[in-house]
Amino acid sequence: MEIVPEITRRSIENLVGNDKREDGRALDEYRDISIETNVISKAEGSARVKIGGTQVIVGIKPQLGSPFPDTPDLGVLMTNCEMLPMADPTFEPGPPSEDSIELARVVDRGIRESELVELDKLCVEEGKHVWMLFIDLHIIDNCGNLFDACELAVMAALKTTKLPVATIVDEEVVISEDETFDLPINNELALCTFVKIGDKMVIDPTLSEESVASARLNVGVTKDGHICSMQKGGKEPLTKDDILFAVNLAVTKTKELVEHL
Amino acid sequence: MSDIIRDDGRKFDELRPIKIEAGVLERADGSAYLEVGGNKILVAVYGPRESYIRRLLEPNTGVIRCRYNMAPFSVDDRKRPGPDRRSSEISKITADALRPALMLENYPRSMIDIYIEVIEAEGGTRCAGITAASVALVDAGIPMKDIVVGCAAGKVYDEIVLDLSEKEDKEGQADVPIAMMPRTGEITLLQSDGDLTEEEFAKAIDLAMEGCRKVNEIQKEALMKKYSIE
Amino acid sequence: MSDIIRDDGRKFDELRPIKIEAGVLERADGSAYLEVGGNKILVAVYGPRESYIRRLLEPNTGVIRCRYNMAPFSVDDRKRPGPDRRSSEISKITADALRPALMLENYPRSMIDIYIEVIEAEGGTRCAGITAASVALVDAGIPMKDIVVGCAAGKVYDEIVLDLSEKEDKEGQADVPIAMMPRTGEITLLQSDGDLTEEEFAKAIDLAMEGCRKVNEIQKEALMKKYSIE
Amino acid sequence: MEIVPEITRRSIENLVGNDKREDGRALDEYRDISIETNVISKAEGSARVKIGGTQVIVGIKPQLGSPFPDTPDLGVLMTNCEMLPMADPTFEPGPPSEDSIELARVVDRGIRESELVELDKLCVEEGKHVWMLFIDLHIIDNCGNLFDACELAVMAALKTTKLPVATIVDEEVVISEDETFDLPINNELALCTFVKIGDKMVIDPTLSEESVASARLNVGVTKDGHICSMQKGGKEPLTKDDILFAVNLAVTKTKELVEHL
Amino acid sequence: MEIVPEITRRSIENLVGNDKREDGRALDEYRDISIETNVISKAEGSARVKIGGTQVIVGIKPQLGSPFPDTPDLGVLMTNCEMLPMADPTFEPGPPSEDSIELARVVDRGIRESELVELDKLCVEEGKHVWMLFIDLHIIDNCGNLFDACELAVMAALKTTKLPVATIVDEEVVISEDETFDLPINNELALCTFVKIGDKMVIDPTLSEESVASARLNVGVTKDGHICSMQKGGKEPLTKDDILFAVNLAVTKTKELVEHL
Amino acid sequence: MSDIIRDDGRKFDELRPIKIEAGVLERADGSAYLEVGGNKILVAVYGPRESYIRRLLEPNTGVIRCRYNMAPFSVDDRKRPGPDRRSSEISKITADALRPALMLENYPRSMIDIYIEVIEAEGGTRCAGITAASVALVDAGIPMKDIVVGCAAGKVYDEIVLDLSEKEDKEGQADVPIAMMPRTGEITLLQSDGDLTEEEFAKAIDLAMEGCRKVNEIQKEALMKKYSIE
């Protein structure tokens, strides 16, 4: 993360102290959001999401594989995230950084813990063959709040994913050339990310807000208002009140966010 | 709150048996050993010291680095040695959880290394690691604003309960591990996995904070025992 | 030359539909997006900047570094993330293809980074990457002697044709991707795979150079569009 | 390895020259040894060994796998060693160092070459399924002489290892949920490590003795006095007499060491 | 690559400008070439090639494996190249460098694109078992023009490779202990490498010629004069005339080169 | 000692046929090629030179680094390229075996690199590598106290014999590779694998030392041949 000049830091802190922001938004207001789906013909599901200048692409590819021994009748989700060096001058090529791993895992937990993908319908033959969905996030432009952009992108891509029909013929898996089925999804989810600046919790932070913030909180909420994932980040603590405030606001905001899907 | 009795006979707000010992290693600057339920955790602290990795040093402040690691034999199916994505994430948030208690600005160009080894795992290792790490930091003589302590609450059979066992974690509906600084009640680690209503979440965080306070007493006892004997 | 019509209805010397847009990313110093046939390519340029990797810097000249990367979802069977031997080779020859147009001696101790992401692949990505990278370099405001442009010719059903599609590449007999600087006609990238007589090779290189000139017009239009509107 | 101040070096050399040591031991005397077994409930075999301040933990986990093509009816041993950064300020995290590889291989060769594990009894179905034993050494406190501590730990853990009974039913391996058998062991082994200081061979070196020593010699001997493994280490040579002296003493000392098992 | 002193640079450029070279050769003349085959008894095919002081060894080992899904009835070639640190003071141990990858891939493409190995004869059972040939290049002395030495070595080794006969008995592959067959080869190939110095194209460059050259061109030609692979390298461009000149000369030179096989 | 004849017709104290050539590579500062039985070993030496890896340098002494590597095609089943645990260990003990003969204190801040390539392996490569490396060090003009030489003895069919072949190593009961400095008889490498009584071990080490002396003669002949011709 880049160092922020002291003057920018003070300016942002003063603004937020007065419930204002650099770009004129309210503290609880998102930047413009746009979602495009089916942007990659060769992927079974895909989406491109922009939140302000932040831009991510996700592609979903299925692959037949073996189930985990303890869940022989469930499909498998694998979420991977590449913070491409193209997206930010401080991102470096190479194996995923700690930040990139955390991003992928927080996004993944939202999907996984809300149980919105009906994994039992991804079983082809119990104990032997299940669909594995590879969810690959490509971060291409980082202007802050990658978490919410990624979760929206994955959600949008999952909703439009079509898998080939696979059947067992003579003990071998046969994959249909043209018959597909919609990935079964039973809920919707969004992630609302806050940062703490001074003593205020600010939603959908820009890059410079992120860099002056003392702490971060991601709240994953389903369309019906259930909390399914949370993660605190950052160098400083949060109070219980900060957290309860953010959770409460996230429940409201999620309803707005999922309307973009 | 209900008065259900859990699988292992505990009440909803009851911790698993917990044991902490400070100063268990010779070479490390500070160390601690912790058992809670079936978990066995060993922590060593080195520092503040100059780092051999120069690019990690910062001119105006000390730096803390955590390594959370599970022994290959700590789990039912052998784990391949070395870091994986889960342990990288836990290492990162553990460092975030402990940092607020340290006065790192007093150690420019220095590094504090915290090595957390999970010798045996039975649910709740990340909180146990933080709890043990704080004791090891004190044992290393590193001044702290407060003794950070970790504990989880969760939801099992629709009840909010304290300190989930491995079995409860698997069968349960949600897990909310936190870490806090007991003096101010500030939260330095928070995760939540699973399904909770807003009300349930509020209940869980209260219960986890209560758990942290209990565990903090055991931390203090361990330190008293170590330093009154000597 | 024959007047065969190809699988996808193109004439032997016809390019696939191509679309280039300059300046599509906020953070990068320069960027471009290119679609040709089913290919979707995104390029970002950073620099000239001081490198964080000191051993790559040279005291008397700037250095250019390319990273050609295919997204895991860009191909029919998911590709594992990260570099492989093919992408390493393409990264190397792409840097070689672009370097002659840059006046690197003006930027001692500096680095220009070019990141080429293949978002979707359908034959001819290395040429498309070079074409898009040149546009991104202009968008980054980096002075160049010429706008390098890439295009391939090849041999399909015994005919020399321009700009092979993925299907033609698989079924065809040879592929000759080149990159050139249109002003001087100098060749900065050349490969040839497959079976060609000396005469066929000469034909292919002429056709590919012709293709480059056409693509160069589209590069210029993209830049005009971007910079006349602003 | 840490640099030893010149004064320490001379002091240790003088002591040893007079057949004395920093901690009052004789040149052929071990520090206190303690062995605890079954310290890890989730491991099929485990032990914690202390020699003086040196401390290692070993866990043994079985896994079904394919035999090597040239030994289709034998189980497989895999010994791995992590010199944890917790154990010594100079140990670094990351892939195993040369020292760590040498340590694991020397310890492994003792077990392997003495043939004390009856590998043929680890065969479930010839050519197809055998038990692989993963022996994972965790070095947690390094106060010198890791070799002997590790070999003792492995030996103690092997002696208490219980494997599940596996049978072939309808061409598939069935692993019993509760029936186990003791890993068949037909001998006992210890490793005796010497360092050369001045012209003396010193057993069970401390960390500071290791750092002033000119050479190292590991001698692996079975309970019945057979030599099954040796390894010289260190920057300087040994004489034939040094070696024969050490071998002779190791045969005696091994009898003492295996009594701790 | 090592830095060449400015005086060497100018001297080489002057020589070449007058159609001369350091070692007295003509611009279109190769250094002495020697080829030895069957140099490794344990390899099914092998060769050692010297071009002047440049020296490479190649060994070919077969292994049974699965075919690629899109070519179920074809064997597989895998070319790997190690630019050993022994060969050149600037080569470093570790994973293959970009140069090493390029070298292996250019050499491989010549063999692959000329289709001179009859891969269909390496199929043991369609879709299930095919021979994979591992072609391992060991660069042991680098005095310039590794490309042509490597391609000659691979060609020579392929021509002398003998594979064991494999048959399917009761659905299992049986490999004959003593029956072998010659790897079926239907053509021959050489790679001619040029560098551009001043405005001249120079064949078979020495190390110092390589280091002052502005560009490189590899031309792979079959015995019957077909172009099957090309690769431009180096920091500066080539003209179309440079390329056509080189191609034309390569067709002639290849006839000479394959006579060494 | 018995007068058994071995599988390959050798007597118990007979070496396999051995051939050493010095100065076989152009680029290396020193080199040697060695064949013994079916082993083919090539060694190159570079140095003393300043290292590109600065952290390996030491201010008061030179440093020696060995890399023992087996070619993928050197063994019956292809070996994956790159170092493995076995080759890492051999590299380490080979450096330890050669170091005592070098006067490294004369080369502060310098590095001597020894690259041992096993082109073909047939039992006893580590000793062969050391023997060849010494010749290459002399060829590089590096002053040495003595020419280190390696040789193994072992136990086959209950007899102690010299210089085990691959077959004997597999079928035998023990292998004792050593390296020594012939002038002083000091041992610089020693390993022992397999079952030996104390008496057998003493016999083996004597026999291996005798073998070393024989091999040392061949080393000297190779150097004489090289340097008398030139």
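By letter and in written order, the chains are A, B, C, D, E and F; residue numbering begins at 1 in each of them.
The criterion applied here is as follows: a residue touches a chain if its C-beta (ideal position, glycine included) is under 8 Å from a C-beta of that chain, and two chains touch if they have at least 3 such contacts.
Note that the structure is predicted; figures quoted are calculated from it, not measured.
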| item | value |
| --- | --- |
| Intersection of the contact lists for chain C and chain E | none |
| Rounded Å distance between chain A and chain F, as computed from the means of their C-alpha atoms | 58 |
| Interchain centroid distance [CA atoms averaged], chain D/chain F, Å | 27 |
| Interchain centroid distance [CA atoms averaged], chain A/chain D, Å | 48 |
| Sequence positions of chain C contacting 2 or more other chains | none |
| Chain-level touch network, classified as line, ring, star, complete or other | ring |
| Ring of chains, enumerated from chain D in the sense that reaches chain F first | D, F, E, C, A, B |
| Complex contact set, residues of chain D against chain B | 40-43, 46, 53, 55, 57-61, 63, 80, 82, 84-89, 92-93, 95, 134, 136, 138, 140-143 |
| Chain E to chain C touching residues, read off their complex | 96, 98, 101-102, 104-105, 109, 113-115, 217, 225-240, 243-244, 247-248, 251 |
| Footprint of chain D on chain B - complex, ascending | 25-28, 31, 38, 40, 42-44, 46, 49, 52, 67, 69, 71-78, 81-82, 113, 115, 117, 119-121 |
| Of chain F, residues touching chain D in the complex | 85-86, 88-89, 91-93, 96, 99-100, 174, 176, 180-181, 184-198, 201-202, 205, 209 |
